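So, here's a batch of structures to check.
Each of the two complexes below includes subunit A, the first together with subunit B, the second together with subunit C.
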Partner chain A sequence: MSLFNQFNEVNEAGFWILTAFVLWMVVFATGLINKKHTGYFFPAVTITGCLALIAGILFSGKSTVNILVPLPFFLGEAGFDFTIDPLSKWFLAIIAITGIPITLFAPGYLHHLRNRTFPGFIWAGFSMLLLSMCGVVMSSNAIAFIVFWEMMALSSFSLVASDNEQRETRRASFIYLGATRIGTGFLMAGFLWAHSITGSWSFSAWGITGAAAIGPSILILIGLATKAGCWPFHLWLPIAHPAAPAPVSAIMSGVMIKTAIYTITRLFITGSHIEFKWLGIVLIVFGAISAFWGVIFALLQHDLKRLLAYHSVENIGIILMGLGVSATGAANNIPLLTQMGLAAALFHTLNHAIFKSLLFLGAGVIDARTHLRDIEKMGGLIHKMPWTAAAFTAGSAAICALPPLNGFASEWILYQSFFKLALNGPTAATRLTGVFLMAVLALIGALAIACFVKAVSVAFLGLPRTDNARRAREGTPQMTAAQVFLAVLCVVSGLGVPVLLNPLSQITAMTGTGSMIGNIWTIPVGILTIILLTTVAAIAIWMKKLSMKNPVKSYITWECGFGDLSPKTQYTATSFAQPISSIFGNIYRYALEVTTHGRQSRHFPETVEAETRYEAYLETKLYEPFLNWIKKFSGILLMKLQAGSIHQYLIYMAIALIILIRIGVVK
Partner chain B sequence: MKNIFPLIFTVVNLLIIPLLLTGVIRKVKALMQNRIGAPVLQPFYDVAKFLSKSETISKNTSWVFTAAPIIGLSVAFLAGALFPWSGSFLPGKFAAASNIFLLIYLLALGKFFSMLAAMDTGSAFGGLGASREATISMMVEPIVITGLGALCLNAGTPNLQSAFAGNINPIIAGLTGTALIIASLAELSRIPVDDPTTHLELTMVHEAMILENSGRNLALIEYTTAIRSCIFYGLTTQVFFHMLPFTHSMNPILQYAAGIAGVLLFGCAVAFAEGILVKLKWRNVPNFLTFGTVLSLLAALIAVTQR
Partner chain C sequence: MNLSQIDFLAAAAAATAVMMCGITGIQTQFRFLALQTALFSGICLLEGFSSHGQHMAQFIILAAVVLIVKAAGIPLFLMWAANKMSIIRDKGNTASPPVTLIMAFGAIAAGYFLIPQFAVYSAGNPVSAGMAVALLFIGMIFMVTRRLAISQVTGFLIIENGIFLYGLTQAKGMPHLVEMAVVFEALIAVLIAGLVILRINRNFEHIDVTQMRGLRH
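Presenting the complex of A and B:
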């Protein structure tokens, strides 16, 4: 087909999606020109872009849309060529519906950074991030994919680095940049390898099977795992996310890391462009470790955003477990299992995008209003910021998979797929894996509950622990609206599972055996929720009635007769997590040291100091020595290579030219 | 007409059996300690008394503290009605909902709010209780999922009603049942994990969490705990019934009567054990629960090799 595919041949869906791209490009350009502009121009145009994207998704209906962007937009070996099928649409929808509330939220948040960052610059990066994520999930060839992947990496890097006053933030953004380089490096190597096997850049022309698939698969999976933040490549995630401004953390944690999930699904599962024999077991093992690792490290954190970042590692792990089950089903020819695992993973991807961006926005409101990120310094915020508190609690309940919210819906389908694996797996070992996964997910679920009870109760409940927390106030109405919107989405997507199964079944039908997941959702969640709410309302009214007779008395919290309680006597986040942390203490050498001072220190101490410590072995024993070695080696190498002699440099150029001619790049 | 019995049974299950069970446990415990003890119906009087009193709430609290007991009781009602712990089965659409994974997360919903309420007062008692409750449920949930999961694998369906209606390998039933006993002792804060009669520093799990609750609020919590006990003891009883081949093919009314008798007998056994056992040190609780994990994993191992 000619590259001069005319725009008028592209149908309405393509038109709307290109409109979104153009609008975001406008924001990008004006943002870079007019860096200090703070009005409603940027958010309004960005939101319009998201709405245009939604219109595009709706107009495309069930059809698959192909767009070939005409010359002069061309990438040398391949064009910008887009395929918008149900899988792409699912991810486009995730980008659009989380993009809207985050954009709505951003102006209020950026206001508190007004003296430290350029809002126009952030908007430019943000709109470019949205655009490039859309590009990633639509690209149908490897070159366009890499181009958008790189735009995504660079725009998110510039956003992480935007508030770079603190040294810590600068360090975080360099670590993030390094991680994206490593990830892209592996991914490119994998793509090149796949290209050399198949001779094509287009994903749909790839059909790599057998032993040839092992090499490219491993490289591509490492590249994607780095982006997704899967163990053991997750290290950048809890460093970069807290450093970024809250709306950026929300979009990165909620949506950006999911592009890796998209790519795994696209290349390995729905299209079977690459058939990797051990994909199932690899994804299950690394998913399970990530999920467990993420949640136990989240329990140790006091920095609210870092805690949420570790939960992203956990949820990526949960999603990967679903994809792993799906791949196992495909390898063993159990189509229903393939589809259930895939549906659970993709549904959880949507749900995680909703509640994780909600939670990051909540952390953002607290940060904007109290300048606190350490939950040990918060407390009692529910009285000052009731809307944020309610929305954050709803988001926490959703991430803990409590019914009837959306986290429960996707984790329930995931449990069903594990059960199916345990029931119909071909060997006893596979079936045992299914049981094992159920136990692991139950453990992770309970740990997540512990972690979020800790976060919600220490941050929002009790008494304020510092003056900053005492002076807190609610965010702007737009910030509240954004959070309420996402909280409502948590409920809607939890109750509307049968509706959401329609697009999901279109995706699972892409695995080749027709859709089978139409009736996997058997819980009458609507009726049960109505019954539950009616009971709650009935008991509440009854209690109200009883309190007419015997009114509620307000009194102090019981302090054992010591006099008024200081906020310091409240349970801290560290103490809350201590029992669980010490059970898993061997994983990170957890230590609690209590020292008492003063004469008679045993019975009447003057001061008591308690300190908890932990050491993440993966960082201190593996990555640090490795990076130090690289630094040392490259230092020596650099000194030798860059000696400052022009003759030496000319020789380099000549050698490079000879090599290029020799391998046939320059003709 | 056929559906009327399950409905009546459900109402009885939710309104009478839970507090009766509490009364039986307290009575047997008193007898074990050579006391006469309060009448078996005392918990009913207690709840009525609490409801008629006024309540004192800490001024540090928010809506969470008031809402949590209400949510907890509603969730307990729903779970008590949905899950076949008494040997009687709800028909129709509700049958589809008696799924093991829903059971765990529904109970977790109640626990989530009760832990938040405990932290809401700003009291260190509440914090300590909530923290330990979270730790215990972290260890209990995998036991319950794996144990009941093994049983359901053997029956071939994740739906508890259908699983209980069919035949189950008696060895799996025995292992799962024993694992569930251990899990329910921890989950319901009974000896040897927690002592339900005190809130002193040595015990400090459930009772420490509810230290600030009084009056109506406390009545709701006591009731919730009673229903949760019924669910756990009842499910364990039903699992053990499957070791005896005839019990699950009886007339529904007889089956229900046997189920309730089983729950009450289980309560007696728990009270008896409380009379002769002491509470474990907190640090030894994980070791105790490991037995449960091992038993449920064994059950799962047998279940997967048998298919």
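Presenting the complex of A and C:
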């Protein structure tokens, strides 16, 4: 009875959010029981959960909701305390609005995996992932946070491992599991340290400043960087994403890695629960390296999902750069800079969630319909799957920050914050950093465009390179609807910046000086879009006119005397990326080897082989030797400890007993 | 030091455990185990008398259950199992029985010195606490130094007795239901262990745990 009384005190917003939790729990439980169910029960209930979450966010308005889940839900030292303030709501909204299209998309995709996985298990993991992400962004104490963080890690691991008949997937899922273990380990160590300083588990009671903050900050940041996929902890990301089913990649890359961004914002920026002196410079440096690293490795990839995964590394880097500028502003007491950097970072978080899940869903449709992930084997897909092609192109334009789409909107605010830093920075070094960041972001933007021109043109244009690509067809209506929904969101969020600045200004006001970002959006997007559209229309009409004057003539392409041309002679992704890759060749020892075979190989080659190679130094020189050493060492240790002798095990127990008596009893 | 009657019985039980360490004959060991457990039954009765009739009936029932299940049932079952496998002696593994005997005396000494840390003085009978801890150590020593799987069960029962003694003499408030449950749990554990050992004996034709390292491969 008291349980219900306590729930009554939670207002309407809290009720809707808890409803979402309950619905997802229902999906989780029924998914585990009814693992072969393929009907519309799971997606319907999951989407209802997302809608309930949106209702909760809308009902809460501008107020902050506190939910204390009553006993018996208790975690020993702290309860499940939820605080839903504007920052939490922002991330809850991201979860809900990417969760809906991904859920809509999933049944069609799972049909393609029907003989290899149990759909019920995937839905169970998926709903638990949604629930735990919401828990993470709502928790107001460290213990509840860690519990949800772990639920998130484990449910996403089970999703990555769902198609586990393939060796590659098993390897990927274990690498991912290892990465989450390391991340959580660092995070827990950091939280324990913070707890030992402050004596409290509640984030709001933490106020660690000065030299004491350095240790916990570094541990927490390493833990979060591992989850976010920030350089140099990004290795799991390009391995786990291609292995996971497409909806899972979409939710993981679009939303899950952003929980780390949330945590950085919550602990270090909006609440200043931990004041780390060098936070700004650390975030800027690692963000810039991540962004650059991600995009140059993305250029080399032919696996569409791996390419997108490297772009997640890039975009996380961009977001971290924004947060770094914000932290620099806070450290130097420039509130406008703090708020602009924060707004840019959070806005880009939303936008990246939208266009990255769109792109992953596009890759998912291609995978489901052609069983291809290698773009070198695609080609001409635009004729067979026009909706997917259009949506994927829109997503690509958004990720390349082309106006008027949403990627442009957030990067524009980010550029503005860099300008602000370059103009108003307190020291010459910070001003120079602002200039440097502008240069980095411009370089990254250019490389991203190159990368997506490659991906879109090789995958969708030209002629099909393989039979699989020739047999492609459009995805189910639901899959198309999900993609179109996200593509429309890309446009809406790009054009509706003034509206979106309202919730963002509520968040930036949490930094303590009242919101100042009300009028940072200086571009009249609507008018510009109309001008752009009329210009495009004018060019189109003009070209039509030209073509009427000079009608198209068809010729046979000269094939240099080699006989019929096959679709394989089209421009490939490798050859497209080669000029740019060779510029940065020293970073990954890029090499192109061409060998020709045949008797008269100079003039009449029978076969020509071209192969590019690259080496990721971080993997081969740092992680691999380290992991090998660990494996060897733990192997020796295991041989000694697990010798298989019962007496030895009994001695361990006796030693444990004596130690316990020594610790607990003998004072 | 004035030993109460309960303390005296507890010390006697610890002494039987020490003797068990020096014995190689399996059947004799089980007889001593039965004696040790019968002493606990006596402690139960004494506790009942000292509670001045408050929980008298419950203590008497507990004493009877301990006597029937633990002091008679379990040793008889183990004797039957040992007979069936025709086991006569366990000569020990790393330490020979005389060495084990000395170690067991050491355990008694350790228990004695740990009395201040473990005893609940308000409950009376502080020596029993030390003897309980000593039984714990002796059980461990017994398990580590014996070679046959059935001796591991004996060692486990000594440890179990130590915990039972501690609960009985130090924590006055332990519900009798819990005590009963523990007794029957021990019975079940021993039955399962005994049957597993019989099965091991049938498959491997021995129950020497030092030989079981080979199972790892």
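Just so it is clear, the second predicted complex is superposed on the first by the 614 of 667 C-alpha atoms of A that agree within 3 Å, B and C clash if a C-alpha of one lies under 4 Å from a C-alpha of the other, contacts with A are read in each partner's own complex, and residues count from 1 in each chain.
Here is the rule we go by: contacts are C-beta pairs under 8 Å (C-beta built on N, C-alpha and C of every residue); 3 or more make two chains touch, one makes a residue touch a chain.
Everything numeric here is computed off the predicted structure, so don't read it as measured data.
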Touched partner set for A:535, first subunit B, second subunit C, both or neither: first
Which superposed partner A:558 touches (first subunit B, second subunit C, both, neither): first
Subunit B versus subunit C as contact partner of A:494, first or second or both or neither: neither
Which of subunit B and subunit C A:646 touches, first, second, both or neither: second
Touched subunit A residues, subunit B compared with subunit C: B
First, second, both or neither for A:412, with subunit B first and subunit C second: first
Subunit B versus subunit C as contact partner of A:654, first or second or both or neither: second
First, second, both or neither for A:216, with subunit B first and subunit C second: neither
Partner chain(s) touched by A:458 [first = subunit B, second = subunit C, both, neither]: first
Sites on subunit C touched by subunit A in the complex: 93-94, 114, 117-118, 133, 136, 140-141, 143-144, 152, 209-210, 212-213, 215-216
Footprint of subunit C on subunit A - complex, ascending: 642-647, 650-651, 653-654, 657, 661, 665-667
Of subunit A, residues touching subunit B in the complex: 379-380, 382-383, 389, 393, 397, 400-403, 408, 411-412, 415-416, 419, 422-423, 425, 428, 431-432, 434-435, 438-443, 445-447, 449-450, 452-454, 456-458, 461-463, 522-524, 527-528, 531-532, 535-536, 539-540, 543, 546-547, 550-559, 565, 567, 569-571, 575-580, 583
Contacting residues of subunit B [partner subunit A, same complex]: 51-60, 62-64, 66-67, 70-71, 73-75, 77-78, 82, 93-94, 96-97, 99, 101-102, 104-106, 108-109, 111-112, 115-116, 119-128, 130-132, 134-135, 137-142, 144-146, 149-150, 152-153, 156, 158-159, 211-212, 215-216, 220, 282, 286, 297, 300-301, 303-305, 307
